[in-house]
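Encoded as structure tokens, here's the structure I'll be asking about.
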Amino acid sequence: MAMFQRILIANRGEIAVRILRTAREMGIESVAVYSDFDRRALHARLADRAVALGGALPSESYLDMKKILAAAKRTGAEAIHPGYGFLAENAAFARAVEDAGLAWVGPPPAAIETMGDKITSRRSMQAADVPVVPGIVDPIENAAAAEVEAAKVGYPIALKAAAGGGGKGIRIVRSKKEMEGAFRTASGEAKSAFGDGRIYLERYLDRPRHIEIQVMFDRHGNGVHFGERECSVQRRHQKLIEESPSPVVDEALRAAMGRVALEAARAVGYVGAGTVEFLYTAASGKPEFFFLEMNTRLQVEHPVTEMVTGIDLVREQLRVAAGEELGYGQDDIRFHGHAIEVRVNAEDPTNGFLPSTGTIQNLRWPGGPWVRVDSGVYRGMEVGLNYDPMLAKLICWAPDRMGAIERMRRTLAELNIGGVRTGTPAALAVLESEAFRSGDFDTHLLESMDVGSVRGDEVQAAAIAAVLHRWSSAQRRALAHRGDRAGWLERGRAELGGQRERSAGEVGR
Amino acid sequence: MKYFVTVDGSTHEVELEERLGELHVRFAGEDVDVGFDEVDRLGQIALFLADKSYGVSIEGDARNAFVTVAGHVYRVEVEDERERAAHAAQRKGGGRGGDVKSVMPGVVVDLLVQEGDEVEEGQSLLILEAMKMQNEITAAQAGRVKRVHVTQGQAVGSGARLIHIEARPEA
Amino acid sequence: MAMFQRILIANRGEIAVRILRTAREMGIESVAVYSDFDRRALHARLADRAVALGGALPSESYLDMKKILAAAKRTGAEAIHPGYGFLAENAAFARAVEDAGLAWVGPPPAAIETMGDKITSRRSMQAADVPVVPGIVDPIENAAAAEVEAAKVGYPIALKAAAGGGGKGIRIVRSKKEMEGAFRTASGEAKSAFGDGRIYLERYLDRPRHIEIQVMFDRHGNGVHFGERECSVQRRHQKLIEESPSPVVDEALRAAMGRVALEAARAVGYVGAGTVEFLYTAASGKPEFFFLEMNTRLQVEHPVTEMVTGIDLVREQLRVAAGEELGYGQDDIRFHGHAIEVRVNAEDPTNGFLPSTGTIQNLRWPGGPWVRVDSGVYRGMEVGLNYDPMLAKLICWAPDRMGAIERMRRTLAELNIGGVRTGTPAALAVLESEAFRSGDFDTHLLESMDVGSVRGDEVQAAAIAAVLHRWSSAQRRALAHRGDRAGWLERGRAELGGQRERSAGEVGR
Amino acid sequence: MKYFVTVDGSTHEVELEERLGELHVRFAGEDVDVGFDEVDRLGQIALFLADKSYGVSIEGDARNAFVTVAGHVYRVEVEDERERAAHAAQRKGGGRGGDVKSVMPGVVVDLLVQEGDEVEEGQSLLILEAMKMQNEITAAQAGRVKRVHVTQGQAVGSGARLIHIEARPEA
């Protein structure tokens, strides 16, 4: 099977831009699709071709399988890359893509199904001897039933959506009295996000770390892992900072986790890029890790793996989807230095990370040595509520962890996204915290921190800047007013002058 | 000209004075050596205080602005003396309300109370969905639900009034 | 000697920004200096402190030693980093810095002097058994004398400024009749650029490549090299594209050139970062390389070396200037993958690369995997004639050369600097040329190419965009006109309405 | 509405027509399916021709613009029919001159000829310094120097007339 000539990217924002970049480097034409809301979007402007889907809601655009398949047909795309989110983990869509005679840049639909349902995935992992978190495998009817099961497993308990992903439909329950509210919101969120309100429960580990392994399989049975990502810096169960390697993973542990991750993927006949998420704890005195879930797609945080391995994961996805062999083994994969990613979300860290909306008027990106900006943001962009609040990702590489932390601090100081609030002050607070710098932290780090602090000299600068800006705008308006009058007089004179010159010319003839 | 500038809740006095064609700035009564240049007409600003350098951007209008300094966004309100006096009078005139307001734009997906209900502090009042997350909105104080301003399925803006709670009379 | 708390950067533009980035990562405060023209410049805004030098001309600002030393004193800076250009290779300034009790981030003044004068440097290299290009070591009086000497060495001849650097004051003379004009402009340019009109001549090699070695020495006698940079893609003797490694340098040649470069530097007691430039030719059938000159400063193209070694050269400069030992040897330096840099100059490649001026209204930077942007450009910036036309540098890394070339093509396609013309279409033409891709090229490549070609579909797009933009601006003006009137009526009504409401309220009381 | 659009020297016809509230575009007589959206008011544009996508920026005014497409900058002149007619008349009226013009802004550092000199094709006329480079300006044709428009040390803009050369009468 030859490499594709043209692929369609069924996504938007930074990940659509990310994918089309690699496609262009491979000489593959990319077809973007875009909703009405996104008709000025960067992914549409940077792609080779762009097809309007119409609509503003996700269900009318990026989630509309028929429209996307029609766009692929119309433009002659040979493959569809779903990115993450939207249809990326939708087995029915994967099947429809294959039924339409197109290549699906992702794992087989059956693998998506098995891993996409938390309950069946836990069952199949137990069968493959992959360690899973203690808990109840079957879905739970209601809050009352959950209270009964929780009593057996022991509090704290994690309620999770069977169809979950991206932190949605998860609630931590520390005691019986929190169960009813938590069950209701978890189930409601699950229903709204995934169309499936089923909830299961498992033991919520003490001081857990979230560590995940990136795997890649070709269609010929070859599979490798690209090491781990440390993703413990989260709030509302959504990751804010990711890094590779993890400060607690040494070579032996990496090999062990990698082996288990490859087994987990093999158990479902995996093909393509995937991530096996583990909960890690050393609370018992020795390191333990448990299978949490497998994400059957490219992850948001894949760049940190790219930076330490030198391997373009989207390129590998496309090669595998086109039927190529990996062409390298586990021993060929080398790790260099340390990479950190910060997600830039439109949210207000001083107000519980609630979403922030607005129009991006000013935009100054960081740059310079070993700074990577993955973004779908542009000046003039409206940030609304229809889509995910993630605007961009900043990725820094350095030879060692401290170097990467200092580089990211510098990078965040250069970033200026004016018009919406972003979560970067919280990321900065984490990077400056003793717990993060020492490497001794868990998934509770961010929620335990005070990220609302202000800096005295910056307050002074902000106050003076605002006053001078007001003053200078007023001056300019006053000048423009006078200028209009002066300009009018000037134009009048110029016209008169012009006529006189022409007359003189005629006299001279 | 004297301005009262409120940055994320705390108020500072900034004075501007033009002397011999030069602009002088005082912050909290102290002279500050200021360099100020607009990079473009869209809010990018080069600001120097003494020798210290700040690459700043400003969004908003003359009175309410967001000022971004080194990645931190500050909400800044600027009032001159006349405006401050007017606002002070306004604030004095208004009464304290028991409104629960929306802190973000979203959609009311579930209403858990109705008018007349007695609620406890911390009790869930409604579920607001924003950016695909469901958020429980709870009562900040115990009392009786006097008014429900929204209906299920309604989209609300940031700052919209959701529910009015009447505090219990002192026992 | 402890690491500096604060340094002054005696430069502007991208290199000033580059240096302050590393300083910030090391916890060192940076002091920027800026001319009147640069009072909105990015380097001033991103630094911790900024001191106005006044003036618009370089001689009144970035070349004014007294003003710069006063700024360092006033802000308590402990060291001065000169960047490249301006005072970077001015031995008198280096001496003045040291006399003022400050650390000079550069080599000893004597090394600058020896290497800065092409004539003394050739002499000292000959004494150290470093191979130099055949030619005349002594300065030449006038065009007539040059004609005599040229006849002995044989045409083609290169006329070069004794005090030269950065391609200024160089002229190639292919026959006797070109000598007079070439001598005059070379000497004039040398006088204007360096205040020293002395000219020498050397044989101009056939099909030469320009390959240079990056070296770094500490104050304790330790020195290493960081491999080579291939800089043969030039026009008007100024580099446009640089890469590392060079397609013609293998491990053995790298070791040989590195050895010679270290000898050359040792011969002048070198300390800090420096570059030994060689002319390489295989015209005789075997590879030969000749010492051309040594640049006693950081080079514009240093990032490609950073990308393949993982080493921050500015950090090493600051460590060495503070007296630290390198702490590693030649064997510790590893090379990974391939890096390419493209300089983005304000110039018109369709018009002989003549300078282009204007105001940068639109600015869209490339980004994504393994793309580095080193820039001092911002939206709203005026590009004038006072300073160097280099606006920014784009650097791409990939595991292999073809990957880096494709990544750079993609990167250039994403770049949009509206308001001035840039040389990037020429860079794109090079990257797409068979000669460059095969690696078989020399310093004449760029001048032999037609870079003025246009793309049919882009012409159509440009024409339609311009018409629609004109049409839409006219529509907007028409609407604004109507809007003004409508807005005025609206405001009137709202005020009436407001009054009515107030009246009703009063009635209700 | 018909426009004549000159892109880097070659002229193309573009027609716009509003039918039933929709804008239709014809390029060189062929219908083109166009999507056009202004990203901001500063010249960033999302342009789609059929399904092909172009991230474009425009600087300049209604008649003379620089259009950037994928890193290439095109000089574009737009004339409507009335303007084209007016310009054509103007061009017809003017005579051909022998002016040597400056192709860039710079400073005249050396004048090598004076009025009345006979010059050969390719002969150096003056040295123009721009961005620290010295550039030899040569005669494009043989002839006699009729006028020297500049003096040594003078700063000149792009397109400024430098020297007028009168062609030799045919032998």
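Chains: A, B, C and D, in written order; residue numbering restarts at 1 for each.
FYI, contacts are C-beta pairs under 8 Å (C-beta built on N, C-alpha and C of every residue); 3 or more make two chains touch, one makes a residue touch a chain.
Computed from a prediction, not measured in an experiment: that's the story for all the values here.
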Interchain centroid distance [CA atoms averaged], chain A/chain D, Å: 46
Approximate Å spacing (C-alpha centroids) for the pair chain A, chain C: 35
Cα centroid separation between chain A and chain B, in whole Å? 29
Set of chain C residues in contact with two or more other chains: 46, 364, 378-379, 413-414
Expected list for chain B, residues touching two or more other chains, is 38, 42, 44, 52, 54-55
Take each protein chain as a node, join two nodes whenever their chains touch, and name the resulting shape: line, ring, star, complete or other. other
If we use the touch criterion from the header, which chain pairs count as touching? A-B, A-C, A-D, B-C, C-D
Chain B contact footprint on chain A (complex, rising order): 168, 181, 185, 188-189, 192-193, 236, 350-352, 354-358, 361-362, 364, 385, 387-389, 412-419, 421-422, 424-425, 428, 454-455, 457-474
What does chain B use to touch chain C in their complex? 35, 37-40, 42, 44, 46, 48, 51-55
Which residues, counting only chain C, touch chain B once they are in their complex? 31-32, 39-42, 44-52, 74-75, 378-381
Residue set of chain C touching chain A in the complex reads 17-18, 21-22, 24-27, 46, 303, 306, 310-312, 336-337, 364-365, 367-375, 378-379, 399, 403, 406-407, 409-410, 413-414
Help me check something: in the complex, which residues belonging to chain B touch chain A? 1, 3, 5, 7-8, 10, 12, 14, 16, 23, 25, 27, 32, 34, 36, 38, 42-45, 47, 49, 52, 54-59, 62-63, 65-74, 76, 78, 103-106, 109-110, 124, 127, 129-136, 158
